[in-house]
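Two complexes, one shared chain (chain A), two partners (chain B, chain C).
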Partner chain A sequence: MSNYFGNYSLYIALIASIYLIIKSYIDTNINIKNLNKNLVLITSVQTVMIIISFISLVVAFIISDFSNETVFNNSHTLKPLFYKISGSWGNHEGSLLLWLLVLSVFLYIFLLKSSSQNIKYRLLTLLFQQIIISGFLIFILLTSNPFNTVFPIPSEGLGLNPILQDPALAIHPPILYFGYVGTSIIFSTSLAAVVAGNIGDSWAKHIKSWVLVSWIFLTIGILLGSIWAYYELGWGGFWFWDPVENVSLMPWFCLTALLHTVIVLEKRNLFKEWTIILSITTFSLSMSGTFLVRSGILNSIHTFANDPSRGIFILSFLFVLVIMSVTIFFFNQKKLTSTIKNSFIISKETAILVNNWFMMFFLSVVLVGTIYPIFLEVLNGSKISVGPPFYHNLLIPFLIPFLVFMSFGPSLKWIKDKLKKFEYNLLIIFLASILISYFILINTEKKFLLSVPLIILSFYLLLVTINDFFNKKSSLSQKISHFGFSLLITSILLNGLFSNEFNANMKVGEERKFNDKVIKLNSVNVRDIDNYKSLKANFEIKNQNSFIQLSPEVRIYQQPFTITSEADIKTTLFSDNFLVFNILKDDGYYNVRYQYKPVMIWIWISTILISIGGLLSLIKKNEKKY
Partner chain B sequence: MYGKKVKFRALFIFLILISIILSIFLVTKSLEENVVYFKSPTDIKNFTEVKNTEKIRVGGMVKKNSIKINDKEIFFIITDFKNELLVNFTGSVPNLFEEGKGVVAEGILKDKSFLNADKILAKHDENYMPPEVSEALKNN
Partner chain C sequence: MKKPKFINLILIFILIFKTSYANELNSQVDQITKNLRCLICQGQSVYDSQSDFAISMKTVVKNKLDEGKEEKEIYEYLKNKYGEWIVYEPELNQNTFLLWLIPLILFIFGGLLITRKVSIK
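Right, the complex of A and B next:
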């Protein structure tokens, strides 16, 4: 039943989409005063249809309706309810349906919220957004219909992969998608604004909420992805420069640049072209992110089941959209009235431009590292991978000037400022950060050339951002986000510098020395639990002043046969102790990895702070309106 | 001669050009140094020389009954059913590292039959095989 509902509502949504494209195109060419009520009505019908379709899929998952192919492939009656529900968007078909759902819901919200805007602009946004929606609808109906049926109806589903049963992973795709899809509204509105010729401060004010919404979701989405990798995959880190991680980071750089540029457009009516270019780029990166992940082109550890025809469709669709937007931008460029006012080199505008340069540089590095292997394979068939050193070599040295700029850029004034005003405060802060860094670095043997200035500067920036809380110059949201960011950089640096790792194969009862610690494997207990066999180990880690017990686990599932390692992590405010073990053979040896990771929890906390800053700015913006 | 705005623009464009050239230079240089090539055991057999400074990735199957463990290292043989390569590895292995299953090992080649690995790649699910592995197996 739900298959039919789901399927037909998608067709109705497609018809609505085609009607809306035609109607809104006609309406933009005649002068009308008010938005045709039918347009809003039909958009809401379309949204409802897509919601019905999505709910039908979720229901099919909940009641384990195995006549549905997607449910059959990805669910199982023994799955907990929570994972049955999250399973509906955990697969390719369902995730696209979710993309579509968010696309149309966002469009509907846009129509409701933009009533004060120019009518032509609203119609054009509707038009562009409907082009994207229809593209996705056709894509889903042709290549990835979530409502394909199986006959005869199987009695049991196939999907019970325990690795994918993790709360962070279950909510991570939708959150990431809100971020990705939010950029579609930015894309549609900026194209519409180019054609309608209303790019300017008032448009910037209006679009800023969408930039903020996408940015907040993307930040949280990336955070959840890394939390999952850290806790569940047991690789003992939070970022691996894996292509799938990179494709979520690239739109983030772009969106962060856009977030800053939009402020300049709002306050100073500058950087019009640049804002448009960033909007188009951000959405293209989000789309290609979906393309790269879903097509299976990426040689990633995450690689999902794939089908080349899907990839080709998304790629050509993306190509059409990019060509369309470049053409529109090119032919309407003259409407962007140039408003070069008095600008001076030392000003907030320049500081934001510098921020954008850095973002673009970081973006290019990640982009090259991610697509170069694909490029080379097409070119001469050689298979390569680009490892973390590539990213580290290119990104870390540039953090030094970046941190310097970030420490004074945000406090500059608009239009013109002087650098001469010397503040004793800052000198004291600088000396303090040297002192802190000295005490931190004195105890390490690792003395990298770069680590000294990096640590000093990151502490300097951290203290400056704390100091900024006592100045009234900027908004609270900016202070929180910038403080969060400097805390993130500091935590990542300290974490990278002071993490250490111990690997060995141990038998029960054995003891090993590692730095000043002694690691002992006390016991391994085997038990049968629900649908898996559990091997729970008991390790103790001792040094002069601490004693920690860690109990990592290996689970052996039979249906389907899967072995998972559950790392045991003891988290304190200062450090994480991470231990994971594995079985290779029945010869009594256990493969053990122990990691000491300082300030790990601060990486999560700081990222949350960054998004809280964004959220605050969003709330404040909405308060002003009413 | 030129107005302030023109000068400002010229400086701006100049800076953009400089930074683009600089980034292209740095990116290509770093790429050259940090790219890891993927090879099968047969490819390695056909090498004319072994560079023991460069990292490579080797993919294939873990040969049945080839895993040997001592208290520090793990030894195993990667095979593409034509040629074999002995691998030694210190570190932690992913969950799905098993005899008779696909594997990718990254490390430095000591000679044509011995790889000193420092990383063994994880896979997502039991049916998944790294594309390189399935291709390397197909080619042979």
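Right, the complex of A and C next:
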């Protein structure tokens, strides 16, 4: 039943989409005062149809309707209800349906919220957004229909991957998708504004909420993925420069740049062309992210070559969208010229340009690092790996000038500022950060040339952003976000420098020394639980003044046969104690990996702070309207 | 007003790091295996993996070090055997010089663009 509902509502949505594209195109060419009521009505019908389709899929997952191929492949009757529901978007077909759902809901919200805007601009946004929606509808119906049926109906599903049964991972994709898809509105509105010729301060004000919404969701989405990788994958790291991670980081750099540029457009009516380019790029990156992850091209060229229909569809669709936007941009460029040509060298405008400069550099490193191996393999068949050392080598040195700029850029004035008189305040802060860094680095024997200026500067920036809370030049939201960012950089640096780990094979009852600590494996208890066998270990870690017990677990699932390691992590404000163990060949030895990770929790807290700043800015912006 | 706050801060931070951590005892094996891809795993390094492949690789690296081989020689040996893919840090050669250069060229280009958009009048 739900298969039919889900399937046919998608066809109705496609018909609605085609009608809306034609109708909105006709309407933009005649002068009308008000938006045709039919347009809003049909859009809401379309949204409802897509919602019905999505609910049908979720219902099919809840009742374990194995006549549905997607449910059969990805679910199982033994799954807890929560993971049955999240399973509906944890696969290729379902996740595309979710994309589509968010696309149409966002468009509907846009139509409701933009009534004060110019009519031509609204029509064009509708048009561009419907082109994207129809593309996704055709893609889903042709290559990735979530409502394909299986006959005869199987009695049990296949999917029960235990690694994916995790709360953070269950809500991670929807949150990330809100961020990705939010950029589609930015894309459509900026193209619409180019054609309608209303790029300027009022448009910037209008679009800023969408930039903020996408940016907040993207930030939180990346954070959730990172937290999941930290405690579930069992390696104790939080960022691996894995292509799948990089793909979410790229639009983030672009959106962060856009977030700053939009402010210049709003306040000074400058950087019009650049704002448009960033909007187009951000969405293209979100789309190519979907392409890269969903086509299987990241794992290997060969999986892609075996079933290229999906990948080729997204790639050509992306190509069409990019060509379309470049053409529109090219033919309407004259409308974009600003009256003011250049900005003064010492001004907030220039500072934001510098921010964008670094964001684009970081973006290019991640982009090139991610796709270069794919191109190289296609071109001459050689396979290379681009791993963490590449990213660290290129990114870390550039953090030094970036931190310097960030420490004074935000406090500059618009239009024209003077080089400040010598500030004792800042000198004290600088000396303080040298002092702090001295005390920190004296305890380590690692003497990297780079780490000294990096630690000093990150503390300097941290103290400067704290100091900024006391003078009222900028908005609270900016202060919180910038403080959060400097806290993030500082925590990452300290975490990287002072993490240490112990890796050995141990038997029950054995004791090992590690630095000033003693690690003892007390016991391993075997129990049968629900659908897996559990091996729970008990470790104690002692030194002169502390005693911790850690109980990591190994789970052995039979269907499908999987072994997962559940790390045990003791978190305090100062450090994390992370312990994970694995079964070795059956000689009674276990592989034990203990990690000491200072200031780990601050990496998460600071990222939340960054998003809170964005949220605050969004709320304040809406308050002014009402 | 501000000074006492900073002093507090410094004290807090010193306290955090008072429990000093002795230098990391990262053996050379760990260092090398962290830079090697586990060829049969999904995006894991040899160091992080417990697969049979990774375990035998760790032994290979250890034996080579015992033989007195240098880090570079071990990488060369493994590259010849398994291909360049096994090393996470791509070396600079005719296949990869663009990988390293493109971001740097873009950075310089961006800088030039900004100087043209900015005036010192």
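What to note about this one:
The criterion applied here is as follows: the second predicted complex is superposed on the first by the 615 of 626 C-alpha atoms of A that agree within 3 Å, B and C clash if a C-alpha of one lies under 4 Å from a C-alpha of the other, contacts with A are read in each partner's own complex, and residues count from 1 in each chain.
Heads up, the rule we're going with is that a contact is a pair of C-beta atoms (placed from the backbone, for glycine too) under 8 Å apart; a residue touches a chain by one contact, two chains touch by 3 or more.
On a predicted model such as this, the values are computed, not experimentally measured, just so you know.
On the superposed chain A, the two partners chain B and chain C do not both fit; they clash. Contacts of A:Asp516 after superposition on the shared chain: chain C is touched, whereas chain B is not. Contacts of A:Ala432 after superposition on the shared chain: chain C is touched, whereas chain B is not. Within the superposed three-chain model, A:Leu158 lies out of touch with both chain B and chain C [touch as defined at top].
When the two structures are aligned on the shared chain, A:Val386 is found in touch with chain B and with chain C. Once the two complexes are laid over each other on the shared chain, residue contacts for A:Tyr596 go to chain C alone; chain B is not touched.
When the shared chain is aligned, no partner comes close enough to touch A:Leu141: not chain B, not chain C.
In the superposed pair of complexes, A:Val40 makes contact with neither chain B nor chain C. With both structures placed on the common chain, the touch criterion links A:Ile109 to neither chain B nor chain C. Contact with chain B, but none with chain C, is seen for A:Thr564 once the two complexes are overlaid on the shared chain. Once both structures are placed on chain A, chain A residues 235, 299, 343, 345, 357, 361, 364-365, 368-369, 372, 382-387, 389-390, 393-394, 503, 582, 584, 591 are touched by chain B and, in the other complex, by chain C. Here chain B touches chain A in the complex through residues 5, 8, 11, 19, 23, 26-27, 30-31, 33-38, 55, 57, 67, 69-74, 90-97, 121-126, 128, 130-132, going by the rule given at the top. Residues 1-3, 5-6, 9-10, 13-14, 16-17, 19-25, 30, 35, 37, 42-45, 48, 50, 83-90, 95-96, 98-100, 102-104, 106-107, 110-111, 114, 117-121 of chain C are the ones that touch chain A when the two sit in their complex. Contact residues on chain A toward chain C in their complex (touch as defined above): 235, 240, 242-244, 299, 342-345, 350, 353-354, 357, 360-361, 364-365, 368-369, 372, 376, 380, 382-390, 393-394, 398, 425, 428-429, 432, 435-436, 439-440, 443-446, 463, 466-467, 470, 498-501, 503, 515-516, 574, 582, 584, 591, 596, 598-599.
Of all residues in chain A, only 161, 163, 233-236, 296, 299, 301-304, 340, 343, 345, 357, 361, 364-365, 368-369, 372, 382-387, 389-390, 393-394, 503-507, 510, 560-565, 580, 582, 584-585, 587, 589, 591-593 touch chain B in the complex they form.
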